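You will see subunit A twice below: alongside subunit B first, and alongside subunit C after that.
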Partner chain A sequence: MSSNSAVLFNVAKCIGCGSCTVACKLWNDLEFGENNAHGFDAKLSADSWTVVQYHTIENNAGQNVFRFAKRQCMHCLEPSCASVCFANAITVDENGAVVYSPKKCVGCRYCLIACPFDVPKYEWNKVFPSVMKCQLCADKLAEGETPSCVSVCPTGALIFGDRDELLEKAHAIIATSAATENMEATHYVNEVYGEKQAGGTRWLYISDVPFAELGFPASVPKKSIPGIVHDYTKWKPGVFLGAAAAFSAIGLYTKRRLKIEEEKASENGGENNV
Partner chain B sequence: MFDYTLKINKKASFRFTLTRWILLLLAVFGIFILIYRLINGLGATTNLSDEWPWGFWIYMDLILSALGACGFAVAILTHIFHVEKFKPLARRALLMSFFCYVLVFLILFIEIGRWDNFYWFFISGAFTSPLYEVAICITLYIIVQVFELLEVWGDRYKSWVKHITRFFLPFFVLLACIIPFGQEAAYGALYLAMPTKLNVIWYSQFLPWACLITSFSGGLCFVAAEYYVHNRHYKKTSDDAMIRSLLRVAGAFILIYIVLKFVDLSVRGAWTEVFSGSASGNMFLVEFIVGSLVPAVLIFSPMIKKSMYQLIAAGCGILGVLINRFDFVFVGMADYANVSYFPKWTEIWIVIGLTALVVLVYLFAIENLPVNQGKNDEKPDIVSRPPTGIIHLSKSEQNSVSE
Partner chain C sequence: MSKGNKKEKIDPKLTRRQFLGLTAAAGTMAALTGCDVVDKVGGNDNWLPTQYRNSGNYPVNAKGRIPIDPDNPSIMRIDEKCILCGQCIEVCQNTQTIHDFYKLPVLDTFMCVHCGQCSLWCPTGAIQEKSYIDEVNEAINDPEKIVVVTISPGVRVSIGEEFGLEAGTWAQEQMVSAIRQLGVDYVFNIDFTSDSTIMEEGSELVHRLTNDGVLPQFTSCCPGWVKFIEFYYPELIPNISSTKSPVAQMGPLVKTYWAKKKGIDPDKIVVVNVPPCLCKKFEAKRPEMNGAKRYWEENEGTDYGNMMDNDYVLSTRELAKMIKSAGIDFVNLPDGKFDSILSEGSGAAVIFANNGGVMEAAIRSAYFLVTGEDPPEDLYHLTPVRDDNLDGYAEASLEVPGFGTLNVAVCNGLHAARTLCEEIKQGKRANLHFLEVMTCPGGCIGGGGQARETVPPTDHVRKARIDSIYAADEAMEKANRVSYKNSEIAILYKEFLGEPLSEMSELLLHTKYIDRSKSVHPKDTSDYVDTYFSGLE
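Let's turn to the complex of A and B:
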């Protein structure tokens, strides 16, 4: 069992069958609603924790090709959703999966707005709604199994393993493709999406077409979002203690000054009376 | 025919005028919708969506908290810097601030999706979340304010309460002056977690501190405006010189904000976005000119001697805070959301109802508690016309009158 779990998704190998989305719904007991979990208009929703989005993209050779982007929670190493959670309902488990426990959730929806990949979705139509997102099959990982989407992939586009090893593997694939002179072979973009994004994620992507065209947000900062918020939070104890000290000192000083002024005024008043 | 005085006992009564009956009606209506929301969930009663998880209610929390800063802003002036001339405002600002925060708390309660789980955040200890900082600081602040108000209440109704609370008051006042630094800045920090979503004009490490500074100026302007409206309503003379000094303090904070925001935009090179003609750029210009430059110019010009310009300056100061919060909650986030959002009528009417309720309680408090201590305040706050009828709540009171 690996405690540094990760999944590598090879865009060039995906055929868009959508098996992963079905496996996900079956394992997590999600409804098969009206919205397709794979297709051109597939979008993450409360019922679809993973979707396969279809894209028609022009490749290097000038041909229009199908490419499929499997989307789900990226399972950040330092997840924004967990750090901003009002009630610690989102936590990172021992295998690295970012898991949500509805029992603790207060429903502030900060995770929805703070996620740079827009992953968490909300059950808006329920009276007591929960946040819905991929849990990386944390219950299966705990048993030493692979996530259900990975286990059903027929083409090997999804590989589950140790994050460091997968990163090595991804870079090796990119390097080999760059070295080959055969124009017909797959040429990968020289980037592993998820290696640095938002401080690093457990889902890693390699692709032969630019990630922006697959709908991956390009502007996600390399620095982790909890780190950005911490740049503010770290000043807070100092602000509180500094304000307490300064206010005590100023309060004592101004009160003393006021008293002296009053005494002077009463002395002067007394003299005048005499 | 609507004009009744409700007599609770010898020392407490409440006058119902036509406006107040309407407020009561709105409050009852709002509470019915509130219960409807609690039973039916967010989807049925709001236009919130996965694209706009936060909307009108969060905005109301932000602006009410900023205006609620009036309490601690005045408390710092009167109880830390011991500026004697502002003393008459201290209790009133405290009361206004208290009701703002009560309203914030009520709105937070309906805003969260799992209101049955609301107690979880007290025990969670989620110290990395700015929202947690907001909630904990507001909770502590309301407790401290209740204690401070006990002193005011004891002043008129129970002298032993007054003596006990006065003994501990310096400590609680100090707490009341420090705790709000938490929530006011944390409101801005909420949006630090959205580097890819919030427009570059507002997104910066300066945002929390901008919120803190503008809450001071907004809170002080709120006190000044309330003072003016209050004295008009109860037909009392105003102490223009005192309000002028108060607005000067607010003006100092506005100047600090103008300078720091200028530096912030320059350092990050965000001026191109300001003048790009985009919705965000234009709204920032409105916010900056109406909310910061106009009040700053008014306050530091001779015009401020006239009470009308004082009211305009205070109004602009308040408006500046309202537009600023509107800008980073809605305008600055709209480009990313790419979907429109307008609050559903239920969202708006719950807020109107709760506000009406809180305004009624505020009026009751201000007409019965000894909160006004100025020279012009020897006359109690009462509506000057005699009521058409009196309703007695306690029997002894009724007997003594009939005798």
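Let's turn to the complex of A and C:
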């Protein structure tokens, strides 16, 4: 499988069956809990790495219709969770999956704050807690298989493949729908969510209703979060070295002046003492 | 023993106290440093059904599961039990042509006709009926309420299976006794309203035949089939008989005719239906199913608020569960009898449980309605409409004196029904007069609420139930095998309804249907014609 793996989720093809949420829990051996991981109030949690959120949205024809948004870790190309992790517990593996190593984790939870999509969850009720989030079934990918959720989708709403090819496909679907004059056909929003968000993610979405109404954060910057931080932090070495140099110079200068003054004083010492 | 020897003996290199201390310390250190933690989150089971363990994007045939509305009144699913085996899709898509027979994106509904076949196919019991046992128990324990349980024909040949009896064993008498032991006040027989259905639906057929009405007339006993038409073939809604299903007729009769005779406040009556069906749970909640409320409002000026005709619907499985919870020894119960005035049933009513039974029952009475004579011998076992091979379809042509040839057809399973609808739409069934459709394979005896005798259901079990039902009809006196000779029905019409299709009948025993085509973009299935039936015969 390509190292540039990605998944395309077509909102217009999802029927809300929740197979993906069950597959995720089966494969990752997560607790089912009292509430289903699909429904109107489904939320990501330590035990639900993926959820299907139900929404009632007015469509193009003015009819209130069901739309279902599958949510999980977006697997950013440049993940901010990994960049803030000083213990190197979150890394990007050879297939592009953003994976987490509980052995290295020190439990600082910086990643929870750093994620622009509010994805990682913490096992608050455990004695030795971990950060919980979708691993893109990295172990399945390593064996050449598709992620669990994709493998069980009965309608083809989820497609796994190479990110560039999927982007091409997504844009082709949008272009075809824009060109059709049949008002009853599905008309997609002219955006692939995840193409640019946070500098690009491995989960890509196309939809016939606005993403904001599906609960996707519109405020996520188009640039990668580590990239934005880098704009500032790149000056850090210069500032530190410059400051060090400046203070060294000042120190040397002061020291030298003191020495000269001391020498002058000792030269004139005899006279003063007389 | 000298002191020195003893000292040597109790001087091991490591004392027990030290050993325990070291073990505790090592354990604590291991836990703190994470020695016991595998370097991955989640559990270590890593299991998915084998069909999902292919490399790459190879297609998988049995895949995923059907969507279920959280508000579905008939079925629910426990996610923890779901193994994504794909069996629900198999039956929903291939037997019933519901799943994947609509275009995406979805509109304002989770497509479902509430047949409940998925709950019979689900190997782990993840898909179950939505249970109303608690509500019914509450009503039974409420001294203010009068609980009336009404039983459909199909239940009595399946409920015994829950108690170890052979498939199809007739258990009507034990069933009635068991229900009485649960503390229920009255037990009525839906066979009674099956006979009133025949009186209404048969009269309606005669009316359509003699007044150039819309033909073919479709039976309306099966709420799944009705919802199927409302979704997929709204243009055929005028073909559906306006007669309510037998279950839907019982509630309003209990809360008007019976309540008045007994002098009971209808608001205190709780009608609990026990059909072999899960769709009846949906049907009971249809907003137009409040004939009794409208009757009291129009005729007596009493407002009963949101009173519905039928309060709760329990499946065969739920009734069995209640009997088991009460610790009743079902098999050895004495014979119980239904309560009178809403329980007498003809043999024609009993066979409602089989696909083809409604047709046969209707023809026996229609013959009488058209000719004024008792039907000839062969109409008492109308084999051409008995779907003996369980292939989903049967048809017959009958000579009726004074009318001519009557062409009838029966089918079960919505795949066959869809094919017929397409043929009717394309004008290929112009000579057909009457069509009976049952959503569940085999008819009500194979209903979604029946005992899970085999998983998935097999024709062997269906056949056993069908034979048991026909045997019960055959065992009756000939005079008791036609609806129009039902004496309690005669009293009902004489004292209360007047005659079939009267104004009172229209109010209580007839209904109207809703065009639901706005909720679904159907896929084009016009090419179904020629493909399904060519495989038969």
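Everything that follows uses one rule, which is that the second predicted complex is superposed on the first by the 257 of 274 C-alpha atoms of A that agree within 3 Å, B and C clash if a C-alpha of one lies under 4 Å from a C-alpha of the other, contacts with A are read in each partner's own complex, and residues count from 1 in each chain.
Rule of thumb we're sticking to: a contact is a pair of C-beta atoms (placed from the backbone, for glycine too) under 8 Å apart; a residue touches a chain by one contact, two chains touch by 3 or more.
Please read all numbers here as calculations on a predicted model, not as lab measurements.
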{"item": "Clash-or-fit label for the pair subunit B, subunit C on subunit A", "value": "fit"}
{"item": "Which superposed partner A:L258 touches (first subunit B, second subunit C, both, neither)", "value": "first"}
{"item": "Partner chain(s) touched by A:V51 [first = subunit B, second = subunit C, both, neither]", "value": "neither"}
{"item": "Touching partner for A:F128 - first (subunit B), second (subunit C), both, neither", "value": "both"}
{"item": "Which of subunit B and subunit C A:T21 touches, first, second, both or neither", "value": "second"}
{"item": "Subunit B versus subunit C as contact partner of A:F247, first or second or both or neither", "value": "first"}
{"item": "Partner chain(s) touched by A:L141 [first = subunit B, second = subunit C, both, neither]", "value": "neither"}
{"item": "Shortest span in Å between Cα atoms of subunit B and of subunit C, once chain A is used as the common reference", "value": "5"}
{"item": "Common interface positions of subunit A, toward subunit B and toward subunit C", "value": "103, 128"}
{"item": "Subunit A to subunit B touching residues, read off their complex", "value": "45, 80, 83-89, 103-110, 112-114, 116, 118, 121-122, 124-129, 217, 219-221, 225-226, 228-233, 236, 239-240, 243-244, 247-248, 250-251, 254-255, 257-258"}
{"item": "Residues of subunit B that touch subunit A when the two form their complex", "value": "39-44, 48-50, 53-54, 76, 79-82, 84, 111-118, 120-121, 124-133, 135, 170, 174, 177-178, 181-182, 185, 189-190, 192-197, 205, 208"}
{"item": "Partner subunit C, residues of subunit A touching it in the complex", "value": "1, 11-19, 21-23, 25-30, 32, 36-37, 39-40, 49, 56, 59, 63-67, 100-103, 128, 130-132, 135, 139, 143-146, 148, 151-155, 159-161, 184, 186, 208"}
{"item": "Contact footprint of subunit A on subunit C as seen in their complex", "value": "31, 34, 37, 39-48, 52-57, 60, 63-68, 70, 79-80, 82-84, 86, 89, 100, 104-110, 518, 521"}
